[in-house]
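To keep things simple, chains are lettered A, B, C, D and E as they appear, and every chain counts its residues starting from 1.
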Amino acid sequence: MVKKFFEWLKKPMGLIAVGIAFLALFSGFAYWLNTTQQSPDQPIQFPHKTHVAFGIQCLYCHPGASKGPAAGLPSQAKCWACHNQIAKTQSSALLAPLKDAVLAGESLEWVPVAIVPDFVQFNHRPHIAAGRNCEECHGDMSQVNVAENPQVMNMGWCLNCHIEAAGEDQEKLIKLSDCGTCHY
Amino acid sequence: MIRPEEIKMSAEETGKWGMVIDQDICTGCQACVAACAMENNITFVGEVDSGYGRSMHWIRIERFWEGEYPEVKMTPQQPMMCQQCGHANCEPVCPAFATVHSQAEQLNLQVYNRCVGTRYCANNCPYQVRAFNWRDYQRPEPLQNQFNPDVTVRRMGVMEKCTFCIQRIHKAQDTAKSEGREVRDGEFTTACAQACPANAIVFGRVDQPESLVSQLKHRRHGVKHLEELGTLPNVTYIKGG
Amino acid sequence: MSDKQHHAEHSHEEHLREKHLMLDPLPRGKMNEMVMEAMLAKPTWKWWLVFSILAAIVAYGLFYKWGILIMKGQGEAGVMRPDYWGIFLVNTVFWIGISHAGTFISAILRVFKAEFRRPFTRAAELMTTFGLVQAGFSVFMHMGRVWLAYWLFPYPNQRMMWPNLHSPLTWDLLAITTYLLSSTMYLFLPLIPDLAMARDRSTGWRKNFYKILALGFRGTEGEWTHLRHAMNIFAFAIIPVMFSVHTIVSWDFAAATRPGWNSTIFGPYFVIGALHSGMGAAIAVLAVIRGTMKNMSYFIRGEHFDAVGKLMLIISMGWAYFFFNDYMVQWYGGDKWTQQLLHFHEAGPMGWMWFAMLVCNIVVPWAILWNPKWRATPWLVATVGLIINVGMWFERYIIIPVSVTINRMPFTWKLYKPGIEVPMSIGTVALFILLYMIASKLIPLIPVWEVQEGQMAHEFKKFGRETVVTVSELE
Amino acid sequence: MAEKVDLLAVFPDLEPAANAVERLRALGVHDDRMNVISGVPVTEAMLGRAPQWTNVPRIAMGGAILGFGVGVFLAYIAPFLYPYPIQVSTQGFVPGPPTAVVLFEMTMLGMLLSTFLGVFLESFFPNYRPMKYLPEISDGKIVVFFECAYAEENKITDALKKLGAESVRPAEAQPL
Amino acid sequence: MSEQFSRRDFLKLAGLGAATTAILTGCGPASRYVKREPYQQMPEYNSVGQSTYYATTCRECAAGCGLVVRTYQGRAIKAEGNANHPLNLGKTCARGQATLHGLYNPDRVQGPSTGDWDSAIQSVADAFKNYKPGEIAFLMGMAPDHLFDLVGDLTAAAGMDAPIRYGALSMFESRATLSKAAENLFGQPGLPWFDVGNAQAVFSFGANFLETWLSPVAYTRGFVGLRQSETKLRGVLVQFEARMSATGAKADHWVPLRPGTEGLVALAIGKLASELRGGATPRIFSGVNPAEAAEQAGVELEALEAMAQIFASNAVLAIPGGAALGQSNGLETAEAVLALNALSDNFGKPGGVYLSALAPNQTEYSGPASTEEMAGLVEKMKSGAIKALFVHGVSPVFELPAALGFKEALANVELFSFATFPDETAKEAKHVLPDHHGLESWGYQRVATGVSQSVLSGSQPVVSPYYNTRATADVLIAAAQLAGGKFAEALPYKDEVEFIQTKLAALLGEGDGSFSAPDAATFMAYFQQYGGWFKNSNALIAPDGSGALNGSIEAGEAEFAGEGEFFFVPFVSPTLAEAGANKPWLQELPDPTTTVMWNSWIEINPATAHELGVEDDDVVKVSSEFGALELPVYRYPAIRPDTVAIAFGQGHTAYGRYAENRGVHAGDLLGARFNEAGDLAFGGVKVRVEKTGRKQPLSRMESIMGVYGVGLGGEEH
């Protein structure tokens, strides 16, 4: 019986079956691996597109970017200041979490999209001061709803830009490519 | 691409940041040790491990004894931390480039995330000032609230050491740059120097002759520890009165 | 010529035959049969008992404890400030040292055409490979974040980082990798004809096993020619590799700015030390093979113990020379930390180990190996070999954890106390023996074709009244 | 072309095998049509045959050069592939003496690896197809495989038997 | 900022969450599992990613140093000295640095023992109403702070006994003795202030002013002045003490006196020095025989003469303190040493002796209670005269010597503890009403000594309360309102902040201040911003010591309890002290003299240890008449062979995971004998030391090999 099975495995049909089984296993694993890489849902499907279309500047909601390390998330008070006056806030199901959270005094738990590991000391301020625009790293927010990270934020990506920024300026290059500039 | 010949060897330089420690007035009160631990998220290791030479102090205060009772005397307390050598023994031996020389700040950097834990650097450090994370030491809730966000929280298997509070250097430089000026002497200091009740630790630019640390270094008869090894340390000790 | 004279002549030849394997030829088929019989002998319950005990030690001491070490960190071991390096690196140096015997026997003795090497080159080469496996394990045990060990190998990456070629550890890694690969290849090349032999004489799964391993070797003139050339290249080229490996291992210490370590003699001192322990281990392995496997007393005879014993004696003298050289210069230098260290070696808490090292490495071999009769006694020479290994392990222990106790910061001096290293070290020893046990059941431990080649080359020749042995140059 | 036949002759020892080779050659079997297989490295000279050509030393030399190249890359080029200067202590980017170590190790590694591979290439290893072979070879027999005209089979067989061949019979490829 | 913000509201950008989560998630993209909660209402002065700094007062000891605490996203990150604060000028000791390990200690009391604050306050109000005023006592910490004032108002109005302040540190500093000696000598009570920085030479009799005595940060600054000054030569420091402290270690000469003979030696030196200087020997020194004194003190006469030589050729500042005063003859010793200053004629002069400045809202000196007064309290508790005890800022069960019987006396009283941490007293308490941590609370504190100015140090919360704790002042105000009547009248405030504002309003019109403000609200804002208010001018009180040399002091022999052969010197651990043991990094700090961490040890002279047949780490049994302890030996080279010493600070039976069951409590060996000023004669016991045969390795920072040569081979020590 077992022997017959092994005999069958050696035939073309058997080989195909083995191939399919292997592929199924592999794709199952790949899918599982993929699920571990997915971020959980945001509490609100925040449409950046809409807000940018209204002409709201990035720094209005993320003012920390021009001042220090963290760009920051707007407080609910800031959201509510506008939304409170918008009739749709009361009716829209999409906005219900905001309304509920504000009324209940609960906080919204956002899932960070662009984040660097904690052994990297990133500071927004010098990047903004050097004339970088938000979209160079975070993508064009006028095109997306929920923010997505368009970059693989790894060291090579950081360095490429640093080296480009330094250009021929040796002193700047030394500073911008020093390990201790980001790692401490 | 930087051409190697354009990089100045730190041996030819005097370094950039330096410290002067006055052993005559150091009382060994441990305030610097505590300040360093608080600033740099240094973990405590408990009784057994600390007794077995596994404490994580980035700075320790050494003292010895001279003479016999009743003529016994404690030698001047000697705070010992990374000397930020210009010619550092720790750097070339790391196979992973986890400890390298900062061109910009002339410090010995320890890049935690690059460290694989061969511990060669610590072995080769004549000052024995490197601390290794022998375990994942736990800090129970809510002690983590105290973590300084400017300093990486190190994990098991990683070497660490005094950084001359490089996060403060960066912060001061960032502030100065945003205000369009140079960093002023004394504008900021390291956590240990900040805390020292006796002001026995002074930190600053050793490459600027007018800085306090340069003045002290030259005015008082400072010595550098194990200077004979050619390590070009950037910490100067003032021994006597 | 009288009968009596003839008889004496005859018995002299008999005597020589009995003594020397090379003069005591058996038909090739017979020898094959003997080797195959030894290999295929059904394991006894004793064999299984030893095997399962060793397997249990390996599973617990090596792998389980290693898992614990990785999970909980190096704190499980005895390392601390200032003893950042402990038994794991002692073991690394020790096993690399052991591995030197294989290369020494099969490469250097081959180059110099020392005929007594022939029956045990295989066992010695196995020791090289198996020893390096333990050394590799030990060096990875030592790492704080072993899961990132691949960062030490040069490969292009997005961080644009390459390993630091300034570091002796990187050289070490290159050298050990080179050595492990080349010694494994050097083990395999002369094994091919024997695998073909085993293929021809076995059935069942073994047939397939040897068939795959023998690669289709038949013994054509071309195959032999390629093999012979390759082995010549290996024999010459692997010698400098071997020297470089242990020299570089010594540089891990000698390049450091530490009292007692920063010594120019460390390179050759380590190499001779490696040979010392390696020969000791090789002779012990030979004695075990001879004692436990069938038909082996034919292949491995007193003459081999005698010859290796002589080598051991010479190497022991060489080791003593280098040791004294190192000691003398350090002592005379008068640096206060070095003085302190030397004093600590002798009078400190590990002083017993320092003296035990001298006894094991010098006194014992010199006291026993000078006597040709004792030298030809397998168990005695093997015991000396084991004692030398204990002594050499002590030497490495003194060089690493004992010496790093003393540095230029007396405020930090502390004595090392091993922790999880003990079961893990025992685990590596067990794995070493276990690999040998498995190998003895899977591959012919005696290179039959080399023995036959040697036997073909030897003959008696009469010079006047004297019957002597001559060896022809076959290659 | 007359019909050919593959034969093998088994000899117990080197001497008769060498004689047989000579005899075969005299009987008109060309050296190319002969193949001596033995369990010990019997050199061509012993058998009185033309020296075998081997490329192993050349391949080894090539490997050594390749390995040296890798060493040069690691020692002299890789440090300049960093987009940023990594300095350790006061040592140069390309440290002097250590490059010798890297060059040496890489050269040796390249040489030995290619030697090993050379044996494989030259001997067409691994090769698991059925081959002309006799298991007795590994027991010390020396077997001469040769190809001769069908018509001469008997003559040659007799001649070889006279020279000490234990048997002369048709050779067939068999699974090893 | 008091009650309007809930905790959730205050904090919550999970920067810290990121760090820990990254560890947990292993190989996954750590960032994806982190959640961030922005503020719902951004607090004032707060900006994302920017640190905010708040000035406050360090509450680790009673000295009253100013702190500036860096906060980030509602978390306190780092405490540093307040550079504007005249007491510490930006510096702190190790304990001040570790204050955050108290704030975020895993073992804080997380809420009232009753579960909710309403019933907890009700129980306080009930106590107010149910007990007669005389049956209620308040025991407070050493610091003269706003809460002390508030309780003082309450007790005064309600007819209760005035609150008592006490702390183990005041016992070891012998504050009552100092003040009493000042009163006897100068006719004016007060805490003497010694101008070490301007002195030519300092003779310190037992005062460990660099480690724990009165205000170590300020005195360290003085020490630096003594050693290094632009205007004078390097000053000489001579330390007289039986066991070398860190101060002794920094001294140029360390003279190991037999405990209890300090006064005698002071007089002998005075006599020798005045003889050297020529002229008549002052009356005070007439009765002393230097040779006999040297004999009694167990030192060579030549040593005293050498010291006298230094004394004669310098203007010497003589400081009495600590262990010298904790003897049955402590008051005489204090007077003798203080009188010695008259030889240098330095009363009220730079480099001399002053009485400490009074704080801005203080009219007369009031020190913490002496231990004898505490014994009186214990007596009252035992007799049932006191039925309800309110304890705040001190843990008497731990800090008082066990021989006083405080713990036993608690059986008769209803105990209310306001402890932040679960200390020994809170464990015994019927009601635990946890106060905020010092960094979460409002307040002010009078700086008792250490600075030439008159300083009122201010506190404010730097973070919102982490647990369900409540300010004791608020609890008392609420309870008083609930109890009504004279209680409510005594505390007619909305909350603690209003009380403080009311009290501070009195300073509004005062001139010469570090700042001035047009109205109370502005004053309060500045007070918070600068971390306090102080006068710019020197407010030290120059004492009248004219008669000092003409008195007569009988420096009688000290009396010792017990039959043991060793004098016993308990000393305060400078890093742990009475309340530091629960902070893990303070435990991990090496003791400055022995470098021991995480445990207790007994210091024995190596020669004595040899005689006793004990080695380092051998556990010995130390017993006095009052108790016995077992602890490992530290062979300390700088202690008299007839003396042993144990640090005070470990041996907690409660107080959280880092303190509990660690080391021994030196207080267990002490008796209940007092000196004439009422301070405990803590040096007045003799102990016996016996070998137990057990070993317990001490955790030391130093290498016993490298420092002492033990285990190196060859001769040791």
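The rule we apply is simple: contacts are C-beta pairs under 8 Å (C-beta built on N, C-alpha and C of every residue); 3 or more make two chains touch, one makes a residue touch a chain.
Note that the structure is predicted; figures quoted are calculated from it, not measured.
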Work out per-chain C-alpha centres and flag the one nearest the whole-protein C-alpha centre.
-> B
More C-beta pairs touching across which pair, A-B or A-E?
-> A-E
Would you identify the chain whose Cα-based centre sits farthest away from the centre of subunit B?
-> D
The chain whose C-alpha centroid lies farthest from that of subunit E is chain D
Subunit B-subunit D separation of Cα centroids, rounded to whole Å = 63
Between the Cα centroids of subunit B and subunit E the separation in whole angstrom comes to 31
Using mean CA coordinates as chain centres, what's the subunit D-subunit E distance in Å?
-> 89
Please work out the Cα centroid separation of subunit C and subunit D, and write it as a whole number of Å.
-> 29
Could you list which residues of subunit C touch at least two other chains?
-> 160-162, 164, 166, 409-412, 414
Per-residue overlap in subunit A, given as positions that touch at least 2 other chains = 69, 117-118, 159, 173-174, 177-179
So which stretches of subunit E touch two or more other chains?
-> 15, 19, 701-702, 707
Which of the chains are touching one another, listed as pairs?
-> A-B, A-C, A-D, A-E, B-C, B-D, B-E, C-D, C-E
Touching residues on subunit A, where the partner in the complex is subunit E | 36-40, 63-64, 67-78, 101-102, 105, 107-112, 115, 117-118, 124
For the subunit C and subunit E complex, residues of the former touching the latter = 340, 343-344, 346-349, 351, 405, 409-415
Could you please specify the touching residues of subunit A with respect to subunit D in the complex?
-> 159-160, 163, 173-174, 177-179
Could you please specify the touching residues of subunit C with respect to subunit A in the complex?
-> 157-160
Of all residues in subunit E, which touch subunit B in the complex?
-> 15-16, 19-20, 23, 72-73, 75-81, 88, 90-98, 100-101, 103-106, 210-211, 216-217, 220-221, 223-224, 227-228, 234, 244, 246-247, 249-250, 254, 256, 299, 466, 574-575, 584-590, 592-593, 595, 597-599, 605-607, 637-641, 657, 662, 697-702, 707-708
